[in-house]
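Take a look at these structures.
Two complexes follow with subunit A in common, the first pairing it with subunit B and the second with subunit C.
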Partner chain A sequence: MSAVLGVSAYYHDSAAALIIDGKIVAAMQEERFSRRKNDPGLPKRAAQACLDQGGITAEDLDRVVFYENPFARLERVVMSSLEAFPHSWRQFPSALQSQIGGKVWVLDGIAAMLGVPRSLVTTVGHHESHAASAFFPSPFEDAAVLTIDGMGEAESTAIWHGVGAGLQCLASIPYPHSIGLLYAAVTAFLGFEVNEGEYKVMGLAAFGKPRFNTEFAKLLRLQSDGAFELGMEYFAFHTDTNIAFSPKLEHLLGPARQRGKTWNLGKDGDDQRFADIAASLQWITEEALLGLAREARRRTGSANLCLAGGVALNCVANARVLRESGFSRLFVQPAAGDADGALGAAILGTIALDGARPEAMTSAALGVAISTDAARALCTSLGIGWQEPADVLDAAAGLVLEGKVGAFARGRFEWGPRALGQRSIIAAPQDPGMRDRINQIVKKREPFRPFAPAVLRDRAGEWFAAHDNDMTPYMTTTSDVLEHRATDLGAVRHVDGTARIQTVSEEGAPEFFGLLNRMQARGAPPIVLNTSLNGNGEPIVGCEADALAFFLSHPVDFMVLGDVMISKGAVAA
Partner chain B sequence: MVAILARLLNPIIWRVPGHAARKLFGFSLAEHGSMLDLANAAHLAPSAERRALYLRHMLDEARHVRMFASRSSELRLSEGLPSLGYPVADTEDLFASLGEVRFLAFVHLGERRACEQFGAYSDWFERQGDRKSEAMFNAILRDESRHQSYTYDLLVELAGSAERARAEIRAARLWEKWRTWRRMGRFLAEKTYFALMLLIYVVSAPLTRLATAWRRRPAGWTNHVTAPPVRSEAAAPAVLEWTGA
Partner chain C sequence: MKKTTAARNFASRALTIVQLIGHFSSGRRIFMLPILLLILIASILLVLAGGLSYVAPFVYAIV
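This part shows the complex of A and B:
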């Protein structure tokens, strides 16, 4: 048996994951420790936290696996820059500086970071890591796997077939043709930060109509076998790292949106065009994913599908793929972006050593736990009064039902970008005014971004049309809200009538399961509005100090911190 | 010295069109860097009391980030300039790399410098009649003054005496100079590297046709040779890395 650490770093969302004796022991993103959102640096503290969680030291590791081959990536960067000669004259020096100045030495950096021999550190392919992170934690023995992101070493998209402990690459689509890079370019066009604003674009899409379909068909040319090709004349990422789209895109879609401008949607809003562009992007993304999924089904004959890569975080598209692609089941694990490479690398290292795949993932609570002792000590030092109710979950349930907004930090923090009940802001889901309150005063974010409902798994069918699948525990899909239940869910039902549902079970999210059960025991529906516990632009809360910092700087009414309950009135000036 | 320099440069800094917005954005970045360092300290300090002190300090820095960024944004919009983005600083993990005592000395130095600098800016804006900027600098100045004071008291406590605390501050100042020297070196190296790479790029021009021909991969699917289904090293030692690239 073995102890294997997987590492992803140096692009965005660096992370570490640890597997001991075939069990996923821990998986964490560095941003939770460094407090720098999407931190790309070496995940020093995440790796140490994983080792602590496993009760081992770096000396006990049998292997450390990096999630991509830095030399293959270097080759692609050099060659693609030369191919774009002479337009890539700005990109070539900076890209090479970034590669040769740091990225190609990453394996030595990891060895030094952990204090292990360099020979212990190996690599696997970028898309192979993605595929492994999607298939092996899934409940499937046989599945087609699609990996779709901006770019790996040389590919942007690949079809895999997973059977038992084996994974085969069947076909791939080369860089620069990439759905992820299309999405990134339009994200920049809409005035959002690339690698950060993509999920805002997805939320915005529901407010628009896809009236730019013809234009988008020029940007991404879809083929009958599921392959696609970018209309490269509209993009600039291949000639300049800092510019995603070329002036031709503005000729095609009109002027790009200014960054940081306040949103004005609706009939008279001057931003409606941008919502329509977002809707058109969503349309072409869904069409492309459907084509890819059908081709994956044709090539593998499997009834199950797994998705990974940044594009797999598009939960609206995932719902449509499940409905229309012909697959019976679809699994998307919660950290499907670049962080998941760490988990995939650890899994591939484990299989290489043991010959057997690790246990399937049953919970995303793979981070560091809140310590009630540490919470008490910190509260005392900060002069914050606290209580320890006999049943803190029941006390929290009561406050939510009274219409209070709470911060909820219990148990081990989640793997991936979604708050799944360990680090959440919670509130009653009925009143649409609650959404505006939280958007405006707590999260300070764009008005079009929806909140998600968390509901007890056994009762989800009372409110949601599609609730019983492999993605709902991880909030990687959406479901239609039943029409006659719409008023029950005014704060979490998106403008298109869907919700990004999370179904809660005791095994998957024990803290939320306890809370929702207490709400049910009080005669209320076991549903809560759930949004991530972070301020605008910050990573989700990790430890007790982060949680208290959030509480002291945001107008929530109460906070559950481990077994401790704090209310706003208890905070000394 | 910092205050004198700030007063001398005030007319240049704040009157050049667009520069004020960039300068304030730069401050928000610096405060964000400081915030990240203090968040780190609030995670790692061994005592709950000190974690609490660093956490309070971190919250002040977070507020300063917002104040500077917001004022920068107002000035930028009034001049019709494009967005400068979000203030996201790099981290140096100073608490872990310097140790708590040297870290405190470093933070204390930074706060002292900020007090002198922001005092000069506040006076400038008062003379210019820009009440909004003046009020912002005054509010931040009050925080910085409190930070300067508590960091010194804590430094004396942790160092063991006022004399040792002063020695730590001197050492921190030296370390800062060393860091500035290294940053200058890095800056120069980057520029030199850029020029060299550009030269290589130009020299490689004849190879581009070759590269294009060699690498030509049509759009659409590239089919791969299938790998063995079981990927244990014992069973199939050669398949740890797929060779799709």
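This part shows the complex of A and C:
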């Protein structure tokens, strides 16, 4: 048996994951420790936290696996620059400086970071890591796997077949043709930050109509076998590191949106065109994913599908793929972006050493736990009064049912970008005014951003149409809200009638399970509005100090911190 | 102690260089080795020149 650490870094969202004796012991993103959103640096603190969680030191590791081959990536940078020459001339020095000055030496950096021999550090392929992170934690013995992101070493997209402890690549689409880069370019066009604003575009899409379909068919040319090509004349990411799209895109879609401008949606709003563009992007993305999924089904004959890569975080598209692709089941693990490469790398290292795949993932709670002792000590040192109710979950349930907004930090933090009940802001889901209050005052974000409902798994069918699948525990899909239940869920039902549902079980999210059970015992529906516990532009809360800092700087009514309950009135002046 | 760390870092970098050359020496990538060398030299010159501004007239002349 073995101890393997997987590492992803140097692009965005660096992370570490540890597998010991075939069990996923820990998986964490560096941003939770550094407090820098999507931190791309070496995940020093995340790696140490993983080792601490496993009760081992770096000396006990049998292998450290980096999630991509830095030499193959350098090769792709050189090749694509040569292919785009002379237009790539301006990009070339900075791209090369980034590669030669840092990324090529990443394996040395990892060895030095951990204090292990360099020979212990190995690599696997970028898309292979993605595929491994999607298939091996899934409940399937046999599945088609699609990996779809911006770019790997040379590919942007790949179709795989996973059987038992094996993964085989069946087909791939090379850079620069990439759904992820299309999405990134339009994200920039809409005035959002690339690698951060993509999920805002997905939320915005529901407010628009896909009336730019013809134009988007020029941007992404779909073929009958699932393959696609970008209309490269509309993009600039391959020739300029700072500009994602070319002037031709503005000729096609109209002027790009000014960054930071206040949103004005609605009948007379001047932002309706941008919502329609977002809807058109969502449409073409879904069409591309459906084409790929149907091709994957044709090639593998499997009834099961797994998705990974940043594009797999598009939960609206995932729901449509499950409905229309012909697959019976679809699994998307919660950190499907680049962070998942760390998990995939650790899994591939484990299989190489043990010959067997690790246990399936049953919970996203793979981070560091909140310590009640540490919470008490912090409150004391800051002069903050606290209580320790006999049943803190019941006390929190009571406050939520009174209409209060709470910060909820208990247990081990989540793996991935979604708050799944360990680091959440919670509130009652009925009143639409609650959504506006949290959006404007607490989260300080765009008015079109939806919130998610968390519901007891056994009772989800009372409110949601599509609730019983492999994605709902991790909030990587959406479901229609039953029409006659719409008024029950005014704060979490999106404008298109869907919700980004999380079904809660004791095994998957024990803290939320306890909270929802207390709500049920009080005669209320076991549903809570759930959004991530972070301020605008910040990573989700990690430790006790992060949680208290959030509580003190945001107008929430109470906070559960381990077994400790703090209310705003108890904060010393 | 410092000597040990320096020796380990040197060995680590050496292994990376060997792997890098190994990667570009295999199969059809071998044609890229001279290009890589040229790029490395050009990169060093650009860094020494403090950026593109000093060589800009030549850049514009050739593109």
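What we mean here is this: the second predicted complex is superposed on the first by the 573 of 573 C-alpha atoms of A that agree within 3 Å, B and C clash if a C-alpha of one lies under 4 Å from a C-alpha of the other, contacts with A are read in each partner's own complex, and residues count from 1 in each chain.
FYI, a residue touches a chain if its C-beta (ideal position, glycine included) is under 8 Å from a C-beta of that chain, and two chains touch if they have at least 3 such contacts.
All values derive from a computational prediction rather than experimental measurement.
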Applying the document's definition of touch, where does A:177 land relative to subunit B and subunit C: first, second, both, or neither? first
Considering only touches as defined above, state whether A:167 meets subunit B (first), subunit C (second), both or neither. first
Give one of first, second, both or neither to describe whether A:264 is in contact with subunit B, with subunit C, with both, or with none. neither
Figure out whether A:440 sits in contact with subunit B (first) or subunit C (second), or with both, or with neither. neither
Just to be sure I read the superposition right, which of the two partners does A:352 touch: subunit B = first, subunit C = second, or both, or neither? first
Tell me which partner touches more residues of subunit A in the superposed arrangement, subunit B or subunit C. B
Between subunit B (first) and subunit C (second), which does A:387 come into contact with in this model arrangement: first, second, both, or neither? neither
Check whether A:72 is in contact with subunit B, with subunit C, with both or with neither, and answer first, second, both or neither. both
Have a look at where A:362 lands relative to subunit B and subunit C in the superposition and call it first, second, both or neither. neither
Between subunit B (first) and subunit C (second), which does A:378 come into contact with in this model arrangement: first, second, both, or neither? first
Subunit B and subunit C footprints on subunit A meet at residues 69, 72, 75, 79, 82, 86, 89, 93, 96-97
Going by the contact rule set out above, which residues of subunit A touch subunit C in the complex? 69, 71-72, 74-75, 78-79, 82, 86, 89-90, 93, 96-97, 100, 104-105, 107-108, 111-112, 117-119
With touch defined as at the start, can you tell me which subunit A residues reach subunit B in the complex? 33-37, 39, 41, 44, 69, 72, 75-76, 79, 81-83, 85-86, 88-89, 92-94, 96-97, 101, 122-125, 127-128, 153-155, 158, 163-174, 177, 191, 193, 223, 225-229, 258-260, 295, 348, 351-356, 374, 377-378, 380-382, 537, 542-543, 545-546, 548-549, 552-553
Applying the document's contact rule, which stretches of subunit B touch subunit A when the two form their complex? 35-36, 39-40, 42-43, 48-49, 51-53, 55-56, 58-59, 62-63, 73, 82-83, 85-86, 88-91, 93, 190, 193-195, 197-198, 201, 204-205, 207-208, 211-212, 215, 217, 219-224, 226-235, 240-242, 244-245
Spell out the residues on subunit C that touch subunit A in their complex, using ranges where they run on. 8-9, 11-13, 15-16, 19-20, 23-24, 29, 32, 35-36, 39-40, 43, 46-47, 52, 59, 62-63
